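Input: structures, listed below.
One chain, chain A, links the two complexes that follow: it is found with chain B in the first and with chain C in the second.
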Partner chain A sequence: MTPAKRIGEVLLHADDISLSFGGVRALTDISLEIREHEILAIIGPNGAGKTSMLNVINGFYHPQEGTITYKGATRRRMRPHQAAEQGIARTFQNVALFRGMTTLDNIMTGRLLRMRSNFLWQAVYYGTALKEELEHREHAERIIDFLEIEAIRKTPVGQLPYGLQKRVELGRALAMEPELLLLDEPMAGMNVEEKEDMCRFILDVNDEFGTTIALIEHDMGVVMDISDRVAVLDYGRKIADGPPDAVRANQDVIDAYLGVAHGA
Partner chain B sequence: MNTLHAIFIGPFAQMWDNPEFLLEVTIGGLLSGVLYSLVALGYVLIYKASGVFNYAQGTMVLFAALTFAGCLDLHAPIWLALVVTLIVMVGLAFGVERVVLRPLVNQEQIILFMATIGITYFLRGAGQIVWGADVRTLDIGLPKAPMIIGGVLINKFDLVSAVVAGSLVAVLAVFFQRTAVGRALRAVADDHQAALAVGIPLKTIWVIVWTTAGIVALVAGILWGTNLGVQFSIELVALKALPVLILGGFTSVPGAIVGGLIIGAGEKIAEVFWGPALGGAIEDWFAYMLALAFLLIRPQGLFGERIIERV
Partner chain C sequence: MALAETETAIKPRPRAAVGQDVRDTFPKLLLENARVRGQRPAIREKDYGIWQSWSWAEVARETQDFALGLAALGFKRGDKLGVIGDNRPRLYWAITAAQCLGGVPVPVYQDAVAAEMEYVLDHAEVRFVVAENQEQVDKVLSVRERLPRLEGIIYCDPRGLRHYDQAPLTRFTDVQEKGRAFAKDHPGYLEAEIAQGGGADVAIILYTSGTTGQPKGVMLTFDNIILMARSGIEFEGLRQDDEVLAYLPMAWVGDNVFSFAQSYCAGFCVSCPESGATVMTDLRELGPTYFFAPPRIWENILTQVMIRMEDAGALKRWLFRSFMSLARRIGGKILDGEPVSIRDRLIYSIGRVLIYGPLKNTLGFSRIRIAYTAGEAIGPDIFNFYRSLGINIKQLYGMTECSVFLCIQPDREVRADTVGTPVAGVELKIAEDGEVLYKSPGVFAGYFKNPQATAETKRPDGWVHSGDAGFLDDAHHLHIIDRAKDVGKLENGTLFAPKFLENKLKFFPYIREAVAFAPGRPYVTVFINIDAEAAGDWAERHGITYGGYQELASLDPVYDLVAGCVEQVNRDLAQEPHLAGSQIHRFLILHKELDADDGELTRTRKVRRRFIGERFRPLIDALYSSRERAEIATEVTFEDGRKGTIKAELKIRDAATAPIPATVEPLRRAS
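After this line comes the complex of A and B, so read on.
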């Protein structure tokens, strides 16, 4: 694989982001670039601020300092549904699916923003809505095929095993046809086989749709295999950023993971 | 001995001797139960979509009925009164979202519940200021005469209101299960954060839910108002929806319907057959006793989501 070829312009850059909760600093002066079509892995020990960083990017958290520039527009505050409208989709560390709804319905919620007729109109004029519903249903079915989850189409997701739930959550994010896909530990709690499947899906999404992906992952084997670039956070600061091999050799990163006594 | 006989044997003997009468009482009860279902449905809608128990639902029924009856008393035609009341209820939904829900987003449920108590007092006061505290009669030409079908006496008004309530429930069920908006509503109810992440605007959803609850309140208000007159005690009748919810489960639309029917039929049967033995007025407390029993045996209700704790 020669990833360097297809990587494009900077899609999103975060500048000097600082975020704190009360007296606790979660992020300190973090600057980060995400380029078009790349797979960026954000790694770091527990509590390093990885999830906080994703939350800042899609507007769940509003940083006290710093700005986010996405597709040329700079802003400090972005609301989650605005982020969604502009093509940022995400999955969550602890699977945030609509548990009472079926796989298909969950994926269809990802299509809501793509529906042309507005909300109230859909409620009143059933005809147009129905036609549109069918078009979107087709799209949802393609995603279901792509992720190989045909068999659980009608199963309420609350009943599915964890690995499949993660896959459905990816499906819901893909249904939004995102430009930027944020994955928070897409492989946590999976066995080797499930991890391999998930890796394949992530690479395929990146390859076929050109979707830019930023993911958080703890499995170093996976990270080194699939990512074009790796950013390392530790105690809310960025300590390294570069190609996987360079990051692996970086002394700061090794110290952060192996735990060097501070001040020693 | 006589008392025991009157409680444990007499009523059943009576039912056995006169099955048509039992049928008549049961049907009457079921039909009036539909009205309980309708009020309960208003609670379920809001609870499902926002996890808030809307204490003000009963007062919304009263407020809608007052506005409707008030417009009629000003000699407005029925369609105009209906349109005006609908506009008022939609305005109320927008107001509630803007003034109450938006500033309280992400707060504890109990705080939102307290806020709905506030809405209750506001609506009660507003209703009195605008329309006064007099009892109003409401007559929109619904038939009231009893009729006899297959040897069973049925109140025509009960039948009409059951049909109206039944169709409203059917429409709502389709709306919730089959449309994209319905899917968005269920999504918001399941997980706020995930709903935001797929781009569902919470504000719009809240307005839609409160509007729907307002429409349900209007229909319930017109039917109750025709039956009992529009007066402030309608609120108390609305409280009967609470045992209905405990029976049916707070999150279930079918539960609200079945719960209403059970309570409607149950309290009529209890009143007619056990009333003499227990000194009457059973109708007033039967629903609450049944709810209490349910809380002990099956706290999630007949159709509520089973409470599963992962440990």
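After this line comes the complex of A and C, so read on.
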């Protein structure tokens, strides 16, 4: 039952990225590739620069040095909205949904980029606007079906338990029909069952839609199970990059995680 | 089909049992419906947030395509088709498709673990399985090696199954595609197969989970199911514009009759919910006119209402309380057509606008004409709550072996403590030992490959043994009191039904569990487990403080409260001619909650009477002495798995028994 993976060309290439906030170096000379259709896990101890790296990729932070090449186009600075328009979607470490809106509405916001008719037409809700709304609603419904959140379709997300909010957030990111999906700790704070569900959804997204996924995760069991490749950051540097088994055996990684006795 | 002859000693009944009716199988009924009401909706499924529907003509087409596809795969007369999944249109079509070819569908409980599925699929000799989705396919695949007869798995939802290439997997729609091609090469094949089927053929095998041993496969014929479905339709006046929500397991006989057979016979539309979690929302959207639920669900709905009312504003709470107290007084009477004063009627109709109507609408019960509860006893408070709102909820009684029902409560003769009168064609008899015996056109053909069990249930004298103990009252209503094997007798021979007593006690909110003892003793005694929450709440409201469960359970006021409940039960019992002698004389409140971890309850929260009797032997001895206190040390398992001992001194209370009215003669069993 092993999926016949079809990992393709390099989708995104980060070259010698360095990022600092004032005197603090968050990332130092990091080069990283993300290939089409793969699941890449970025791991590392707290403060290693994992979230900074995601923020650089989707244009939220602008690195002082280095370039990002995405789908063949190299650029120094990419703005988040440009990233979104080009098919990069993400979820956040702390859930960032519209708490007062329903699950369905939250997912529909993920479709905004794809809506053609202007806001006035939509207010009139007639003709093309109506047709378009129906198309987007259908897409949102497919995501609701995919993530098995039918029962909370009309529930304001503020009332939902944390695990479900995470799932809704994933749904909103999926609504953009992204090519590259960045997940920042999708399983943080979940219980075992919720984690298993989330793993299944991540694998299914990758499998059904062929979406490339880069995720940050602390649960090593999860990382080793679902990723095709693992990149390890420590103190803003990349110390390892490779298939899960190779990374697991890497001495630098073991030292970074277990700590190394200095001067011993 | 020759199943009934070869596998069991039971002779098939004559073929003309459904009169000279040509509509004696479901495939024939389907064709008839496609002709008579082809454009009317037959089945709906909520998918992608919308109710998608199929007309009878479409269902006939889909079913035929699938049946032909099965034929193309090599499925033949007499073969078994496993059907696994939630209520889905395609799975219902698969059932009829198998029947078209003279095959037998075998629905399997969708929440069964792989090992349980293995037993059923193996025992039923299933050749092909239709599974809803990846979850079910995975379960079947995990036991496939031990199922040599299983040749193919057909799945409905392709999600996650794309890479399962080495297994014998086919998609439902691909099978239909094959069927369309097969039809071109074999014109008239399906029509001939359908015409070969007859009412005496086995229509379906339904596996029942026995309390002991492995599940048994109940073979029901088309005649069984169609006759019973029709008598239900006539009894309740079901029509083609009725609406039903199919949400109970497809492997359960009730779903097969209420959501499948009756739909085929009466032509009404069946709707499948979006998922298990959305049933309540879908119920509300759909507003069924005909609805079935076990007591557990009725109770959950009521609890939800009560919890939400607690959170409502003061005015709403007041309105709810006042109108509900009126409804409790007269709502049931209005439903039963009894005389009610004009003033009450007027206020009730105001209540209908302000409270009852909106409440029913919120629950999805606005259009209900007939609602059933069955399976176990329902609390009178729960039962009466729905009736007082004007919801015509009734009890019925039956089992898989008789094609779901023997008795239904007729309109205007509905009471919480009976299960109704026998439906047309059913004969009832109470055996010497209190067991309910029956004859019915719905009586099953036999247990599949289990002639011994068949012979134990279907006796040579023609009476079928239900395994339940009960009695008929003067109005010919059947009362079920307990499982026949649990019914015992006192020292003097008085009949004693432990579950009957325990249920009566458990209907009080303060009592969570009750365990009654008596067999061979001079009088009945009970252990009570209080409900920590309800009793704790009561204590709080009465300014009684307590340190924990054990202390709460030992307080005199709590004992007084429980004594009140016990004495009420005794007064009720005094009115029951058969059980008046089994009133409760003494009781005690246990110092710990009965727990499955300690082996006192099963995982489904059923009391393990014998185990409890052994474990608390000193307490039982004390109950049958004149002592007022008893000491006990019990080993308990804590949540974290550690074991410890609880020592306690329990009080024992005498309960006042009610005098038995002169007209009521206690039933003595000849010993």
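The criterion applied here is as follows: the second predicted complex is superposed on the first by the 245 of 264 C-alpha atoms of A that agree within 3 Å, B and C clash if a C-alpha of one lies under 4 Å from a C-alpha of the other, contacts with A are read in each partner's own complex, and residues count from 1 in each chain.
The rule we apply is simple: a contact is a pair of C-beta atoms (placed from the backbone, for glycine too) under 8 Å apart; a residue touches a chain by one contact, two chains touch by 3 or more.
Since the model is a prediction, treat every value here as computed from it, not as a measurement.
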Just to be sure I read the superposition right, which of the two partners does A:164 touch: chain B = first, chain C = second, or both, or neither? neither
Check the residue A:141 against both partner chains and state whether it touches chain B (first), chain C (second), both, or neither. second
Please tell me which partner, chain B or chain C, touches more residues of chain A. B
Should A:153 be classified as contacting the first partner (chain B), the second (chain C), both, or neither? second
Check the residue A:181 against both partner chains and state whether it touches chain B (first), chain C (second), both, or neither. neither
Report for A:208: first if it touches chain B alone, second if chain C alone, otherwise both or neither. second
Of the two partner chains, chain B (first) and chain C (second), which one does A:99 touch, if any: first, second, both, or neither? first
Sites on chain A touched by chain B in the complex: 58, 60, 80-81, 84-85, 89-90, 92, 96-101, 105, 108-113, 115, 119-120, 122-123, 126, 129, 132-133, 172-173, 176
The chain B residues in contact with chain A across the complex are 175, 179-181, 183-184, 186-187, 190-191, 193-202, 204, 208, 305
Using the touch definition from the top, list the residues of chain C that touch chain A in their complex. 46-50, 159-160, 162-164, 166, 274-275, 277-278, 281
Please name which positions on chain A make contact with chain C in the complex. 1-4, 104, 137-138, 141-142, 144-146, 148, 150-151, 153-154, 204, 207-208
